[in-house]
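Take a look at the structure below.
Order as written gives the chain letters A, B, C, D, E and F; numbering starts at 1 within each chain.
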Amino acid sequence: MKILHRQLEIASSPHVTSGASVDVIMRSVTLALAPVCVFAIYAFGIAVALVLAVAVVSCMATEHVARRVAGQPSSLGDWSVAVTGLLYGLTLPPGLPLWMVAVGGVFGVGVAKVMFGGLGSNAFNPALVGRAFLQAAFPQAMTHWTPLAGPARFTDVPTSTLALPFAQPTYDAVTAATPLAALKFEGTATDTSELLLGMTAGSAGETCALLILAGGAYLVARRMMNWRIPIGIFGAVAALSAVFTAMGASFPAPPGFMLFSGGLVLGAVFMATDPVASPLTNAGCWLFGALIGFLVVVIRLWGGMPEGVMYAILLANAVSPHIDRAIQPRVFGSVKS
Amino acid sequence: MNGTPALDKLPTSALAMYRSIMVIGALCALMIVTVFNATEARIARNREQALAAAVNAVLPEARVTVPVALDAAGALHTADVLPALPVFLGYDADNQLVGAAITGIGMGYQDNIRVLYAYSFERQAIIGFKVLESKETPGLGDRVETEAHFIANFEALDAQLDATGNSLANAIVPVKQGEKNNPWEVDGITGATITSFAIGNILNDSASEWVPVLEANRQVFAQAPAQEGNRGAGE
Amino acid sequence: MTSLTSRLTDVLADVFGRHTFGHGIHPPEHKEETRERAIEQFDFAPVLVVPLSQHLGKPAVPLVRAGQEVVRGETIAEADGFMSVAMHAPVSGTVRKIELAPSISGSMVPAVFLEPFPASTQEVSDGAPCDVETATPDEIIEAIQRAGVVGLGGAAFPTHVKLRIPDGNFIDTLIVNGIECEPYLTTDHRVMLEQADDVFMGLRYLLSATGAERAIVAVEANKPDAAERLRAACPDDLPVTVDVVPVKYPQGAEKMVIKALLNREVPSGDLPLDVHAICINVATTAEIGRLLPHGRGIQERVVTIGGPGIKRKGNYRIPIGTPIRFALDQCGVDESLSRVFLGGPMMGAAVSNLDIPITKGTSGITAFTTSETGDPYSGKPVYPCIHCAMCVEACPLYLNPSQLGLLAKTEQYQVMVDDYHLMDCFECGACSYVCPSHIPLVQYFRLSKRMARRQQAAEQ
Amino acid sequence: MIMSVGALAALCFVIATALAVANKYLQVDQDPRIDATFELLPKTNCGACGFPGCLGLAQAIVDGRALPGKCTVMTEDERNGLAAFLGIDAGVQEKVVARLACAGGTNVARNRASYTGLDSCRAASLIAGGGKGCFWGCLGLGDCETVCEFDAITMNEHALPVVSEADCTACGDCVEACPKDLFSLHPVSHRLWVACRNLQKGEAVLADCEVACDACGKCAVDAPRGVISMVNNLPIVDYSARHAAPEAIERCPTGAIVWFDEQRGTVTGNAARKILRHGARTGAPT
Amino acid sequence: MSDLSHWSIFINAALINNFVLAYFLGLCPFFGVSSKLDTAVRMGGAVSFVMLVASVCAYGINHALELINAPYLRIISYTLVIASTVQLVEMLLRKLSPPTFQALGIFLPLITTNCAILGLALFQTNRGYGFSQSVVYALGAGAGFALALVLMAGVREKLDLASVPALVKGTAAALVVAGVLSMSFMGFAGLGA
Amino acid sequence: MPVNKASNTDEFVKGLWRDNPVFIMVLGMCPALAVSNTALNALTMGLATSFVLLMSAICVSSLRHFIPRETRIVSYICIIASFVTAVDYLLQAISLELHKSLGAFIALIVVNCLILGRAEAFSSRNRLVPSVMDALGMGVGFTLALLSIGAVREILGAGSLFNVPLFPDGYQTWTVMVLPSGGFFVTAFWLVVVNWIHQRRALSP
């Protein structure tokens, strides 16, 4: 009998897989983010391209170097750090000095991802930790908003962008207020349609709600994202802001405005949904979303800062293990309620 | 492993326990009291100097200050014990009432901010300002102590009373940096909007309460109580 | 097209919450290549190796010695107690030796080595028949044990043990499982098409043995011809219905069938009996119907030999004890054959040694080549768990494979058992199948169960 | 001043009273020697002593249910120190070490199938036995090495574990870990050793492993009567028969039976040396 | 006496100026007992309870000391009274519920000398809180401590299952988590107004 | 019986590195993080703590036969609290500013786990000289740890060291470093460095 003197391969069942793969998922997320990036560059000028590039490179380099130093193979192949870098870049003010962009990227990935054990181990969203670090380290720079770039100024780079490392940036004379700050400090509300189209000041990638939603829809359709989280957030924000406005909050916050202003859409669609730091079960995801929505409304209405999405998501990340513990799937055959 | 495990299982007699605790307690008390007595005078002087320096900073003309407080009936009288938010009347070298140094408190970005400001009877304005205590973010919120244009607000911040004499003619309002158009507006600080607005609000609240009272009692306290001298420190 | 319509029915069924179970997956079925192929009789190998333990429970006790001659169908080993079944000679020939032989688990087990007589007619000898009209339930159960019948659906659990209903309990529904949800396998499909009468004969015995009021034959929607055939062949006097259930893996698992047909959930840790149902594979049923009237025992079974590594794919009736090497040689294998498993690709066990024999539990031989794209781990990096919850959404038992996997990795076996129902997992593989991180979850769980059992045993 | 001292003294008085009362009524007695003994134990909680962790042993020692010698991890000095501290006998036992009953490294034993999956012997053994030709043989994925907390096991270049007798504390973790049950604990005085578990006999065995025991029975014949008996195709050494001798290994054709010599290390018989071309023997003490 | 509203005191103590994350008080038990959730919950409860006791004690002692005009005895008498009260509670627990005692193990004595407790007593005195304000302050501080501890424990349990590098495992990882939590709590700034 | 063989120098040196109270034993974390936002605060706090540590070690060690087991903790606390009160007043007498910047943490030295821990674990079981050496070592180790944290925080957070500006004008301060979270991060950073050195030492024989 001639067959098989070659060795067979053995492995555990199942011997087939669906073909789903982490790198495919992560690449799809970058794809979904591509239109948002393009719009950001269109809206705020070439500076945003620089910011995004530095963000992605600093995140990827941190992870690569850290793995090398630890004697492990590079993990750039799973693409997750590319997603982190891109999302991190999109949450930054368009004119942020590039050296600060790099600092936050190194911190976010180095501390919130690598130190926790890399992909899958980070309890907090690394992109947001990076941003939160910058917000705490350089609050002035992080609340300095450049206005939309006119066609003529498209190729201009704000002076602050190119500030020397460790040096205080100097700002161009013109600044803008984000819709939320304008409402909180000046009492001027921005039109919802303007918010949807993204022609407002704000973080590079947060302004165009429509494109973000489209990217999210793409990921949901490919079953790569749990839609319950953003819907939970939107629901909670809409409901609570309606209730609080009706009850007479410190300033009126119509749901439409609350939903589409600030980083809410970007955060809800792309950042709260980071699978690693969000709960597992669908019920848990609803709760998680509602919690974020609640915190966002509370911080926006009563907190010191105009915007609270970042803090809300980070806090919810910390609660997520408890949600996971409390909400388990109902095991088949366990007593029915 | 350091030392040897203690193996004595014998219960200690109550006497030994009393003895040890009482002796140690007495010795400790003795030591504390000694140190306290030795440092008391010096600490009191430090405190006095600190407060005097603060009052002096906001109300430089005053040579003599007298703490005052409102009693239950709402009447102003000199205070023997300093209240939580002390108010001092300031008299110049000629013992003439020139102004008052008032403590105010309110929520800032992080926590409560305590400020001391001076009210000038003559100019009917706030003419000096100092942060006594704040937990505002260094480099941001604490710019209210250093930012020149912000301090400039308090060279003469209008605090006139209206016709009734019961409230300010114009409420003190904070505005965004560069938008100050009236003497009763506080020019804010970009990047520290919250803290600077909080200061404006603290001043408004405190001044609305105190300026009417002070103005009403201006005549009563026009002269410095002779023998009292400069008191103002010591809790 | 069929898969599209079946998926549609599945969606509808999900919506109305009937006729299927929650979660589950849809792996490609790959059944089209063998389902049209009628069952073919297989040749005898030069040596047949009949292990004494082909079932769960105690091994059978051999009745033959080396050198002894046996007739096909003769009992060569008898049951050792109730949790055991008899073995029958698959061929007329000489007993060469009784020695250790390799098994699918990798371990060496005692087996009877038989060498066929070249010239024999290979007539099957009859034994004492069991008359379905007159036999008492106990007699039927005994006859089934004597016939060496074990579950042919895969688990090889002695069928008569399941049929013995403890006093005070009862069965209202007998489920005949013709679902065959494993990709590639078409044995049950062919049995239903070609042996419908045997199935109903078997059902008579089973109904009589269990006292069940009715029986349901469950067929997956991708085998409409089988359902048709069974409906047509169903005798009027039998309380039997044929139910078509949506295509979804693992619809064929006992708990899932019972949920789909009866909307009952077998409680965690309990038997189907506790919800008054019993589930017997359709090939097992057909075999009972074929053997008992003649008092014979199992000496062959239907096996699907398929997969991209096989040249002549098909369904074959193969004598028990035929070495896999012989079976593959007969069907021809591809040059680049790299993996062989007994059963289908979802639950089948990998073969490390082609000298292991086909046993009663072997429902299929699937062979993959090196180019097989569905090949799970070779070349694909294993990433850390990203908590994507795809496994949670796939597990038909609503376990939490993600958490279980992390716990297994950190060897917290007791927590897995106590807090996360590890012991409920029936290793269907749905979680590993969907995991984008390619984590070998099933292997983790198998290991964890073993370790947890050992720890528990050590504590006692 | 007087006031303050008096106040503090009064406070202290109240506290002392409270403590004294509590001390009398709320005290829970526990033999302080238990804690002290626990402090002196190594606190590795390896369980080799058969008690639930070091605290369990401490309790047992103080209660007189065990002697310090039960602990296999402590050095002799430490054991004597503890014994002296408690004023009891140390109860020292002969040094016991873990031994491996397989010599089929990758140089001499063949694999039938190549395994992919979790990097663990226990996991691999569940997949068709792990793919090694000899079902009984060492899979070489090093679970024993991983579990040994004392770093007494290292995997050699042929993927066989090597036990360092000096470091081994006989905690038994490797015995527990090995899915093929290849480790057992033996006093160092057990010098005759069968490094194979294969229950088959004859040529078939050697096809899978060059150093397997093919059950020829020569060792049983050569050894003094009653020392070695052949059971299930394997020689079984009766260690209670104290006259086990190195001559039993001389004619072993494969070198499956070995002698651990104090000076020369692991010794195989003359007949076996020719077969073993591929390098050092393993599974033996270093 | 301070005239802050109870709500503002509570929110401030629990969230904005969280004892652990903003004031760095009670870090030793925070790092020591936060690796398992159930101990963390119990520890949080125990600390909250002791805080309440300490707050009431401190309020009383402060009045007594003011009567005899001996503010310099404040530190020593606060410490003594709180420590012995906790020790009594501890003994009671050991007697009445050995399992609870066992579970909290060596950390019960740590509460005695936990700086969060003394810190609470000193802060409430420094801020001149009245009785009800003190109690609310203690409740807020206790709730904040328990919240931080529980959040920390959840994250640390999650990290137990993660592949944290050896260099970081243990206290360093806990410090990083505390740092991120502390940054997240900055989101609460200004809520107490 | 196990004998304490360590020399007095050993008792001193161990606190600096091998048993460093902050980085190895993780004791006294609260002041280590809370008052390490500037190097000066860190130094003052370190010295104050060392002083209390030393004085209480002397008292506890001398009185160790006088104090029965049951009243141990209470007595130690009493002793420690007295010295802390003394330090509190002395510092106020020296500089009110400095006292204010350390906030309540001077008073909180009483409950610094390090001091009671050493009293309980070392001084109460050892003779005077080793106890003093131990206390000195721990004190210096504690001060060094505080200083190393404080230095990083001040350099990044304020661009200065001991209030001496290190950078030209226009240096961008890192506010986070003087905030609580910065304290956590810097301490974590040092811990990783310490672990790394340990790992390196363990690897190279």
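Details
In the analysis below, a contact is a pair of C-beta atoms (placed from the backbone, for glycine too) under 8 Å apart; a residue touches a chain by one contact, two chains touch by 3 or more.
Given the structure is predicted, the values throughout are model-derived calculations rather than measurements.
Of all chains in the assembly, those touching subunit C and also subunit E are A, D.
Chains touching both subunit C and subunit F: A, D, E. The most distant chain from subunit D is B, comparing centres defined as mean Cα coordinates. Comparing chain pairs D-E and E-F by the number of C-beta pairs in contact, the larger count belongs to E-F. Subunit A and subunit F have CA centres that are 40 Å apart. Here the spacing of subunit A and subunit D, counted between their Cα centres, is 52 Å.
One finds 33 Å separating the Cα centroids of subunit B and subunit F. Centre-to-centre, using mean CA coordinates, subunit B is 29 Å away from subunit E. Of all residues in subunit B, those touching 2 or more other chains are 1, 6, 12, 17, 21, 24-25, 28-29, 32-33, 35-36, 109-110, 137, 139-140, 194, listed in ascending order.
Taken residue by residue, subunit C touches two or more other chains at 349-352, 377-378, 384, 403, 440, 443, 446, whereas all remaining positions touch fewer. Residue positions 1-2, 70-71, 74, 78, 81-82, 85, 89, 175-176, 179, 181-182, 185, 188, 192 of subunit F are each in touch with at least two other chains.
Those chain pairs judged to touch are A-B, A-C, A-D, A-E, A-F, B-D, B-E, B-F, C-D, C-E, D-E, D-F, E-F.
Interface of subunit D with subunit B (complex): residues 1, 4-5, 7-9, 11-13, 15-16, 19-20, 23, 27, 31-33, 35-36, 39-40, 85.
Considering their complex, residues 167, 170-172, 174-177, 179, 181-182, 185, 188, 192 of subunit F touch subunit A. Against subunit D, the residues of subunit E that register as touching in their complex are 64-65, 68, 70, 72-73, 76-77, 80-81, 84, 87-88, 91-92, 94-95, 98. In the complex of the two chains, the subunit A residues touching subunit B come out as 139-140, 143-144, 175, 185-186, 304-305. Listed in rising order, the residues of subunit A touching subunit F in the complex are 111, 115, 133, 136-139, 141, 163, 166-169.
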